[in-house]
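In structure tokens below, several structures.
Shared between the two complexes below is chain A, which pairs with chain B and chain C, respectively.
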Partner chain A sequence: MLKTATGKRPWTFYVLAAFFVLFVLFLYGPMSVIYILSFQGPEGGLTFPMNGVSTQWFHELVENGRSGDIAGSFQRSILLAAVASVLTVVICVAAGLGFRRRFPGAGIVFYLVIASLVMPGIFVGLGISLGFQLLGLETDWRISGLGAQLTWTLPFGLLVMFAVIGRFNRSFEEAARDLGATAWQRTREVTLPILLPGIIGVALFGFTLSYDEFARTVLTAGSENTLPLEIWAMTTNVTSPALFAVGTVTTIISFVVIGVSLGSIALIQRRRGRGAGTH
Partner chain B sequence: MSATIRNGQIEVVGVTKTYHPGAPPAVDNLDLRVEHGSYCCLLGPSGCGKTTILRMIAGHEAPTEGDILIGGRNVTNLQPVERGTAMMFQSYALFPHRSVLDNVAFALKMRGASKTERHGKARELLQKVHLEAFANRLPAQLSGGQQQRVALARALITNPRVLLLDEPLSALDEYLRLRMRGELRRVQRELGITFIHVTHTQLEAIAVADTVVVMAQGKIEQAASARDIFFAPRNAYVTRFIGGQNVLSGAVERMSAGSAIAVTGTGARIEIPLGTAHVAPGEQIFGSVRRDRIAVRRLDPGQSPKDQVNAFAGEVHAIENQGSYVKVTIDAGDGEEFVANVLDEDFFVDPIDIGAPVLASWAARDVRLLDDGRTRGSSAVAAAA
Partner chain C sequence: MKLSPALASWLQVGPLALILIVFFGLPMLVVVAASFFDFDHMAIVPAFILDNYQDIFTDEVTLSLYLSSIKFAVIVWAITLLIGFTVAYFLVFHVQSLLIKIGLFLLCSVPFWTSNIIRMISWIPFLGRNGIFNQVLVGAHIVPHPLEFLLFSDFAVVVAYVHLFTLFMVVPIFNSMARIDTRLIEAAKDAGASRYAILREIVLPLSKSGIALGSIFVVTQVMGDFFVVKVMSGGQSASVVSALSNEIQQLEYPPAAASAVILVIVVVLMVAGILRVVDVRKELAS
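And now, the complex of A and B:
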């Protein structure tokens, strides 16, 4: 506790505490409003006051098509996020391991990868959709959508991999080599298992970045919507609290994904005892 | 490993290692021979190239120039696993995701041994290091000393003819370090294989090794038995680094019965036995004198020792009680640290305090001529005990 010698807190404590409370309200207030309003009663509207409490808007999401293609877009988004996550892991782990060797042009390759983080996402999407048009191809969430999202998840995944590999002690690999492991055996038996918690982190990044990606996807998804695009469409034509129910459900799914990932990392770390493996 | 290549003699021939073109080499045209079955310590300050040599013998680093021979066979271009060596890493590098048993059995698994075979052999080795009860633990659940023994068992499972140890005791606390170094020596004797042990701790090297190789800046300063390194250092660098002796230096004034009488920078006269060496009057020569053979006497005011040979007056700069002796550092006024190790029973009869004027004296027979400023010894090749 921050206290002066006399036991009284200085006035700056109260100023900063008030500022922090405001910050938290600003951060979580709007989201909390959505979660609360999603349990609006059957007769209630889009704003407070609450007119009773019900789960009717959640039922409406699944049952009829009045609120748009929520179920379909949700399926597409989960599938897309899963594929993006797997590709991100495979490519970023390989790239991260490869970058440990200072190959010629490594610097340029790295900056090229990072450049797509800096470019405004909407232009990346625009460029890809124009490219498809030029080539006479249809944009589709499975192809152009996935590609557009990878321009976002890959650089992120690579940066995470750099952090993960930076803490990896190379003497593990040398020890394995000394004990007769081939390059493939070293990777499979030693490097990947030791890096696993970090790799799960990369997968999590890939999944969540893809799951709520909007800017790059909006022009590249083609005729079928992903969930963020569907929700965006709903804000203009759905006038019931079902909109809020979508927000609550997607938030819960995000938390489940994050929880499972962090839980499995914690489990691996605990099985290895006091956080060994990174020093 | 077949029985025909059990010879663990190591020869390093003209090896140079340069990491960056233009930068000074980490190892500079170095020759070293270590006999089969001997315990050799590479000793030197950090950055002297000792770990680089070890890693080149292991095959984790390739020499820029020169050859490495093990048992008479050139292994310079062989993989680590083909050399019959095993390495113990500084932080042990135990695989954190594998049990103690699987860590020890790792090399056999890589060779495709069946589970029963490799676990059987691994248990045997764990028994040797008294860790069979910990077979199913993970490395992080063991103490530092236990981890070190697991690393030892893991390295020995391939029956290497050479064990390479990179600062094997540096991760342990003082108490364990002293115990484990005795243990390493015992294991080496028992197996009869070559041990090469890298350390920066003088007493550790002298305690365990048959041969100590003192290095500086990629070169060998002296390779000799532990006893010789301690009592007969070749030059001022080794003398100062090992620390058992003081360095004396002076300009030759005259000869006297096989010794040179030299005058130091502060005007004291010292006598250095020459043996077969020849020096000319006026030449700057160096000698070493054992710290435990220095007598320290309180100097009364007005007393001048100028006429006495093998003695000088100075002021006590520091006093450290080492238990069985007291380390008295004397400032002679020439910048060279001069230490006398005085037996506790002598010191405490009439304890001297810091700042007191004293006379340090010694006998000429405890002084040895050093190589510095003279033509260098012909070879730095280690003749192991």
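And now, the complex of A and C:
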């Protein structure tokens, strides 16, 4: 668009492209370094040079020894993220559809969502843990931890739903109504399938935001840690490449989740492209 | 059975509202209430005292903590804005293929879906005394001795913040830039505007709401952070929230609650300041 009349790219393109490459290196460079360092040899330290290559630091994670309860916290985090993801999808899709109409109180709910999004996480955690104390309840990752994380995943999920619904063409629904479909049939057979790629996006946000959540969970998880809390504890008392090994493992999980989500979105879009061609 | 539209909407939005009221609205009220409570070594005692606030305002540390946090917020805001605007500008106006544009955008977004803590500690082997950066500098004879200030310093804190939060700038600025009508730019070009004039007179004003949204995100994230400051400064710097989390660890909940209330007021004032300059409501509404 900013091409000159001759079709040649302006010099600014090359400057900005170089800047963009540097930015990507800045994003990924340090991360890739710790993936390499997690394969340090048994005598290796926290930085280069590599002192041989081994998987010893990964073994140390599983052996439940000095590195704390990595395996247990890992299971808890995966389960918690799965539940948070499902709840985020169900609640945000419903709310996103509900917000398409103007209704009394919509503004208040919207401001509640935005406030929940920008509130420093530790205050939400502080409030929930104080509330539980006042009620004489024990904090637990399954209840208070989950609730605290939902105050973070739901606002994100709703904003993604707004973006998705903003591009949704309502004439499909009207056509279904004209053909005699009931409200439930319209939702199930027209609206939801069309919104499906966006809904997968909401699920991705729900899972990853919960899986990596720290500030809201730290005061609400109770006696058993989630994985980010366990990693946080490691940063203060583990000075071996085991710290990087756990980083590598949790990033692999994140990448698998991102890959599956984006892959299935791409697949759905491609099928649609093909379907449109044959009709 | 036919539901009224308002009732149908409330049934759909109800679960969201309920969860946010139970796990966000009520806990915030509890924090406000607790900030007036008394406490001893064993428990918090419901009361109505102003001592917690009085302690905050008479403590000299309070002001230096806020100045330190605000300093980080301003520095990080300026850097993320510069990077975020440049990256978004490149993606929107210089990348022509839609597929490549989406691909590069995803490339920038993927780290956002991975662990913040891991991304933060990944700077440790990079910036340390014997870290990669120093090895390169010394190896190339740029500096005679390894630089000491790279890790466990304010510098490291800023680097980690920029690394974690730049995406919050890129995405909203990208969104508002992508909505700029290209015919506007064509018209300006036909009228003889330079690229710089187009940037200043068209792109910048029309990306204002994206810039404001990104700024709100970055500022609130930095002001609410405690783990980056704690790890990356090596315990040398403190932030408002890291001081507060120390109070929580010592089970001094009422003073912590009072600090939280003050901080929220400060953050709300900062956000209000941004909103005074730019009205972002039309961005959220559309």
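Operating definition for what follows: the second predicted complex is superposed on the first by the 246 of 279 C-alpha atoms of A that agree within 3 Å, B and C clash if a C-alpha of one lies under 4 Å from a C-alpha of the other, contacts with A are read in each partner's own complex, and residues count from 1 in each chain.
To be clear about the criterion, a residue touches a chain if its C-beta (ideal position, glycine included) is under 8 Å from a C-beta of that chain, and two chains touch if they have at least 3 such contacts.
The shown structure was predicted, so the numbers you read here are calculated from the model rather than taken from an experiment.
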(request) Look at where chain B and chain C land on chain A after superposing the complexes, then choose clash or fit. (result) fit
(message) Students often get this wrong, so check: with C-alpha centres, what angle lies at chain A between chain B and chain C, to the nearest 10 degrees?
(response) 90
(request) Answer with first, second, both or neither: which of chain B and chain C does A:Tyr111 touch in the superposed model? (result) neither
(request) Considering only the touch criterion stated at the top, classify A:Pro193 as touching first (chain B), second (chain C), both, or neither. (result) first
(request) Please determine whether it is chain B or chain C that touches the greater number of chain A residues. (result) C
(request) Check the residue A:Ala176 against both partner chains and state whether it touches chain B (first), chain C (second), both, or neither. (result) first
(request) Give me, in Å and rounded to a whole number, the least C-alpha distance separating chain B from chain C in the superposition. (result) 12
(request) Please name which positions on chain A make contact with chain C in the complex. (result) 1-2, 9-10, 12-13, 16-17, 19-20, 23-24, 26-31, 33-34, 37, 46-48, 90-92, 94-95, 97-99, 101, 103-106, 109, 112-116, 118-124, 126-128, 130-131, 133-134, 147-148, 150-151, 154, 158, 162, 166, 204, 208, 211-212, 214-215, 219, 228, 231-232, 235, 243-244, 246-247, 250-251, 254-255, 257-258, 262
(message) Going by the contact rule set out above, which residues of chain B touch chain A in the complex?
(response) 58, 60, 79-81, 85-87, 89-91, 93, 95-97, 106-107, 109-111, 138-141, 154-155, 158
(request) Report the residues of chain C in contact with chain A in the complex, numbered from low to high. (result) 5-6, 8-13, 15-17, 19-31, 34, 44, 83, 86-87, 89-91, 93-94, 96, 104, 106-108, 110-111, 113-119, 121-126, 128, 130-132, 135, 163, 166, 182, 185, 195, 216-217, 220, 223-227, 231, 241, 244-245, 248, 253, 256-257, 260, 263-264, 267, 271, 284, 286
(message) Going by the contact rule set out above, which residues of chain A touch chain B in the complex?
(response) 169, 171-172, 174-182, 185, 189-190, 193-194, 196, 268, 271-277, 279
